[in-house]
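By written order: A, B, C, D and E. Residues from 1 in each chain.
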Amino acid sequence: MTALDLLQKAHFASKLPAAVLERLAAIARVVEWNEGALIFREGDHRDDLYVLSSGHVTLEVNVPGRGLTRILTVRSGELLAWSALLGDGRMTTSAIATEPTQAIAISGRELRQLCEADHEVGYHVMGQVASALSQRLLATRLQLLDLFAKPH
Amino acid sequence: MSAEPKPKIGVFKFASCDGCQLSLLAAEDELLTVAGKIDIAYFLEATSHIDAGPYDIALVEGSITTPSDALRIRDIRQRSKYLITIGACATAGGIQALRNWADHDEFVRAVYARPEYIETLATSTPIAEHVPVDFELRGCPINRHQLVEVIVSLVAGRRPKTPSHSVCLDCKRRGTVCITVAQGVPCLGPVTQSGCGAICPAYDRGCYGCFGPAKQCNTGSLSQQLLADGTPAPELVQLLRNYNGYAPEFRYESERLAGLNSEVIS
Amino acid sequence: MPMNSTSSVFLARSDLQLLIDRLAEQGFEVIGPTISQAAIVYDRIHSVSELPQGWTDRQAPGEYRLERREDDQLFGYVVGPHSWKRYLFPPLTTLTTADLTTNGWQMRAADDNPPKYAFLGVRACELAAIRVQDKVFLEGAYVDPTYQRRRQNAFIVAVNCTQAASTCFCTSMETGPRCRSGFDLALTELPDGFEVEVGTPAGEALLLQLPTTPIAEQQLTDAEQRRQQAVDQITRKMDTEGIRDLLLTQLNHPRWEEVGQRCLSCTNCTMVCPTCFCSSVEEVADLEGQHSERERRWDSCFNLDFSYVSGGPVRRDIRSRYRQWLTHKLASWIDQFGSSGCVGCGRCITWCPVGIDITEEVAALREVGHDNK
Amino acid sequence: MTTNKTNASGEPGGVSPRTMSENIVRGLTPSGSPAGQVVAEPWGYHTVRIHEITPEVADVATYHLGFDDSAVAVAYRFQPGQFNMLYLPGFGEVPISLSADPRSSTTWAHTVRAVGNVTQKLASSKVGDTLGLRGPFGSGWPLHTAEGHDVVIVAGGLGIAPLRPAIYELLRQKNRFRSLTLLYGSRTPETILFEHELPEWSQRGMTVQLTVDRADAAWSGSVGVVTLLLDRLSLNDPQQTSVFMCGPEVMMRFVGKSALARGIPESQLWLSMERNMQCAIGLCGHCQLGPTFICKDGPVYRHDHLAPFLNVEGL
Amino acid sequence: MTQERLIKVEALTRVEGEGGLFVRLVGDRIEDVQLTIFEPPRLFEALLRGRKLEEVPDITARICGICPVAYQMSSVHALEAALGIEITEDIRRLRRLLYCGEWIESHALHVHLLHAPDFLGYDSGIDMAKDFPNEVNRGLRLKKHGNQLLEVLGGRAIHPINVAVGGFYRAPRRDELTPLIPDFEWGLQAAVETTRWLATLNFPDFTRAYDMVSLVHPDEYPMNEGRVTSTTGAAWDVRDYEREFHEEHVAHSTALQSSRGERQACYHVGPLARVNLNRERLSPTARRIADEIGFETPCQNPFRAIVARGMEIIHAYEEALDILRTYRPPTIARIKYEHRAGEGCAATEAPRGLIYHRYEVDAAGLVTFAKIVPPTSQNQRQIEDDLRDYLPRILTDDDVATTRKCEQLVRCYDPCISCSTHFLKLTVQRDG
């Protein structure tokens, strides 16, 4: 399957107009990781951001004194390594494929250029990224609330 | 009978009248039963047997008023697994906390011919300002049934529970008519914690706050009303400043009222 | 079965004692109005001399005073701090007992042999309150045995109000001041006696044992005028139009915050309310761990611990607790029991130490968004 | 006589669709009869004995209680989702959901976390100890409303306990439903309840997805809150999907949001609430939420019946 | 070379409040005896200034949890003297009834739980209960009666709330008091048993030539009023109390010590003083039992104070029964009064002995001065004097045995140390 095919199926891209999808597909490529592969390490500089098309990626943070702590798993259709687009490209977590995983990789640099050049595309892409991040933010909040902890 | 060791209990006294620890001896019906469940390891008022601890439960009466007592309570805390403060002195500083608003040296000079023999702190403070406290039993004096309940609960492995609602609820349960509404008598019942059995209004007098502030009491609204009904601010200040006057909710309101008063005067 | 007033008779004032005596003879414990602690309260009475003859009550938000009347009426007051619920739904009830036996814990219902009560002097709003509590305790999916045992034997002698307090608003709640049903006998006090109406066969049977006389036309007119006087004196109003939807859609109204600043959360309104039925069940154990009892006590939604769930109380501030009380009383009560929980007796207004007035709060809540800045 | 637990239509005695539909109507009409077995004497306790204790995870154990009185034992029935009041004399009483197969006949399982005086005392009890039980109380899960649907069960933490009897019943009647999915969120991998049963549930045709809020590298499963599982779940037809959820109130609020965002009709979302309960019969007032008493009108509610009150703070 | 030897009791037990005992010996010679009181001072006399006089009975009650009524009674009488209030006979009787409750409660506690264990060799009354269950249970029941009376009449046993300047906030109803009668009838007999039992204890042979002081009233056993009278024959009006009795502040005590007369001599207050000075005014049963057990007055053996307490329990029961049986609620529970500037003093008999209060109030009803002299401060010097005399007779090399005996002597006075730390100096320190 081509990057475009995969993108069309991804939840992340479900609301993007076809024209925008095509522009994205033009700068995308398909990548794959084996089970256990370290996709990136916390603190690494990365240019690519990914939309998973299959598989399962776990995000980990190194907590001194507690070791590696798994904070979230990302599944197909979802966004990975958003710092490549919005941040300085420094990864805030480590990502490990916990099963054979396939993704559409998009160069953050090229995507930024594309968004700048064509605000129509930029508007749609940023909207989707914001939506994905807000969902993740909410999930993080609930996680922080520690809802299942033993009450005192 | 199980051979489990009985929990060791120590009863300690700081600045106080003895009334709260006496409540244990005043539980005549329960005393010997309770005593059978525990090992009274330190209780000067009741026994010459003195055990240096450590204690499973320390019952602490009285407030901290001297430098040596401030050290002694830390020592007791270290030797005790579960520390319970009993009574208004221990939980709020007691009536002697009135000194906290006064010129302490002048107080001592007024009472003692040789103030140099007297070594006290300028304040009377609750135990919890000095060491962590596991449970506070309110009252001036405490309610002996609550004391027995607390001891028995701890021995049985339950967390003790004492109600935190206002005196008003108890008045209504026992059928007492509201003395403020029916007679215009100032009463702290609406802001005072239950525990005494709502005795004062049943004896035709207003509550004077022996059990300290009820949980989330609205002291400000009550004093607004009492002021509007004609109780002068200085009188309200004194009403709030007695046995639990230094408990935060009463303290802040009395200080607010005292401030109002000085503004009026000046 | 209510009978119409044409069947009413006259009972001389001097024969009222016979009414009390007959009730006592039939095994009733007569509870009636009497003066205690500077108020008219409901207590055990044996004699007419214990009634508050020549006394009345002046009421205002946060204020109640006994005053002398110019005449010597026995029922010339309105309502006091007590309501009949303290007899039908006692402040403290032992529900069950548990004993540790060789065969483990054995539980049984606690002994409960309440007296047969006869209530003397029940007002229209109080009849309504008893109807409300009947719905709560007797007509739902579960019946409360404690209430049932007391209620089913109770004999009710109602008294029509001939005057109103400033805090009364029964006309708004359509519960009074006229006693229309729910009584065995109903009295309207006249200078020299009572117009007596019969509400039930039991009432009629009792009346047959009393030296009543036919009532004169003039006495009927007089009684009606006196009852009308109570209607005319009621000035306080609560607009109940659409009140359920109004309140349940104004849960974030700024007024809650404002009243929360004044409310003492002291529970007085709920305790004097003749319909409030909240309680807590607590464990009372002996020291040896051999015997234990479940004890039910009046409780109040104004207490912080009332809504405690593991982790903490649900209603954490006075604002939310006041809102709970008012919305339950006037709105969600309708969902639950098919009627308002408020009978307009005004007790919550009089006995609030800071004089919070439920009718004023409802009026303020009607001003939607009056302070949304 | 084990046959009399199944009636002619193959339905379990205590959970016939008719009883359940009455129960749903009752959700907002309090005059209806209480669900399941009618409790004649609301304060009548039965002596029950601990027959077995199954330690589950830290601080949580399942107590299998049997009635001393054999007549009661035979007559006792409950609906999935209902609760009992368990009474430890000297310590007090707590509402605890029944947590195992409603067609069990000898003992009745209650999965309890030791958090308060009563549950801590229970945690120190032994097999053979007695306690008091009254119940069952409250409404059950209206499984029949989901017939023909994709059924999604969302559980958080201990919230799986009152859902477990429903799971048994759903698996037993699997053919009546298009699909069965369990989304289960737990705090950590160590606190997953009934973990040993999950493979069996999968095997019997239920899709089981687990997630935990926090985990170390030894955990290869999903990490993140349980709402994410619902966000990701691919739905055949939201209009034909029913959701039964139980967990902390905040969790259920967001599960509800997520389900609605996915297009599942609000009338097909069901949740089980928790409040302070003392009488269990709607007469003490403690568990009121909006116009309902949770002990009597709940604990299982249709989402739209509670929705106006779930988002008001301190109600 | 003669060795210096110290006997120290770090903390006296089975007394109210906290104090110690310090004895310094050189050889067999006693150099110093100190009853040390380290109870933290609570400065009541200072904190009373500026308070409404109506609060005084509540506040002074907090001086002592074991004899709050003594403080309430003394303060209301002193304030009534300052305001010129005459109380009625009904109120007077109710006050005596309240005092009966406190005497019963306080004496029963002391006798059974605090002092009897000394004579029988136990650490506590609770330990003693194993071998003397009847005596201890009887004592607890007596004590409970005292508390019940305080609860009905005072609202609660510790820090009663019903005592007011001018009378009571509310007079009890008859149906509140009469249910106590059957218990009190039992209690009277039980108190007789207790006293007979106490008379059988083994008393150390120790007598002294005491100057004993108590109130004496011509018509009744002293509680709320009377002339301050000494066994030497001298007597004073209460208003002259401060001319005869003086207080002084010593370094080893947060309590002040009292002494009498120009010689600054020690004196003895308490049950023994009362019985010695008022034997013929004890209730009939108490007198009969005194005769039966051969209690000779004047009794100068301090250890026999425990028997005097027994007789006072009998008296309190008998007097209480008399009041309970004839009780009719008074028409006026509290005398109305106007505030006025004034000064007043009063002395009453606390369970431990004479207690003296004096107040000055202003026209607004606020306290401007307070002086409180409790019994234990008056006994403190006497206790030290007793020890100086007693020690050489009992001194052995066994310090533990010696201190036990010393403590037993101290407990004869039932010292109430919480009480003793609220003394006022003789001159008023006032600002402005």
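Annotations
Methods note: a contact is a pair of C-beta atoms (placed from the backbone, for glycine too) under 8 Å apart; a residue touches a chain by one contact, two chains touch by 3 or more.
As the structure is a prediction and not an experimental result, all values here were calculated from the model.
Minimum number of contact steps separating subunit D from subunit E: 2.
Distance from each chain's C-alpha mean to the overall C-alpha mean is smallest for B.
Across every pairing of chains, the maximum count of C-beta contacts belongs to B-E. Put simply, the C-alpha centre of subunit B and that of subunit D have 45 angstrom between them. Distance from the subunit A centre to the subunit C centre is 65 Å, each centre being the mean of its Cα atoms. Subunit C and subunit E, compared by their mean Cα positions, are separated by 51 Å.
Centre to centre, using the average C-alpha position, subunit A and subunit B are separated by 60 Å. Listed for subunit D are residues 90-91, 115-116, each touching two or more other chains. Counting partners per residue, subunit C has 285, 289, 299, 310, 317 as the residues that reach two or more other chains. Across the assembly, subunit A contributes residues 151 that each touch 2 or more other chains.
Across the complex, subunit C is touched by residues 30, 33-34, 37, 148, 152, 156, 163-166, 168-169, 172-184, 187, 189-191, 204, 214-218, 221-222, 224-225 of subunit B.
Listed in rising order, the residues of subunit D touching subunit B in the complex are 90-91, 116-117, 120-121, 124. Interface residues of subunit B, counted against subunit D in their complex, comprise 156-159, 161.
Subunit D contributes residues 28, 30-34, 39, 41-47, 49, 68, 87, 89-93, 115-116, 129-132, 274-276, 278-279, 281-286, 288, 290-293, 296, 308-309, 312-315 to its touches with subunit C in the complex. The touching residues of subunit D, when paired with subunit A in their complex, are 59, 113, 115, 156-158, 185-187, 191, 211, 213-217, 219-225, 227-228, 231-232, 247-248, 250-251, 254.
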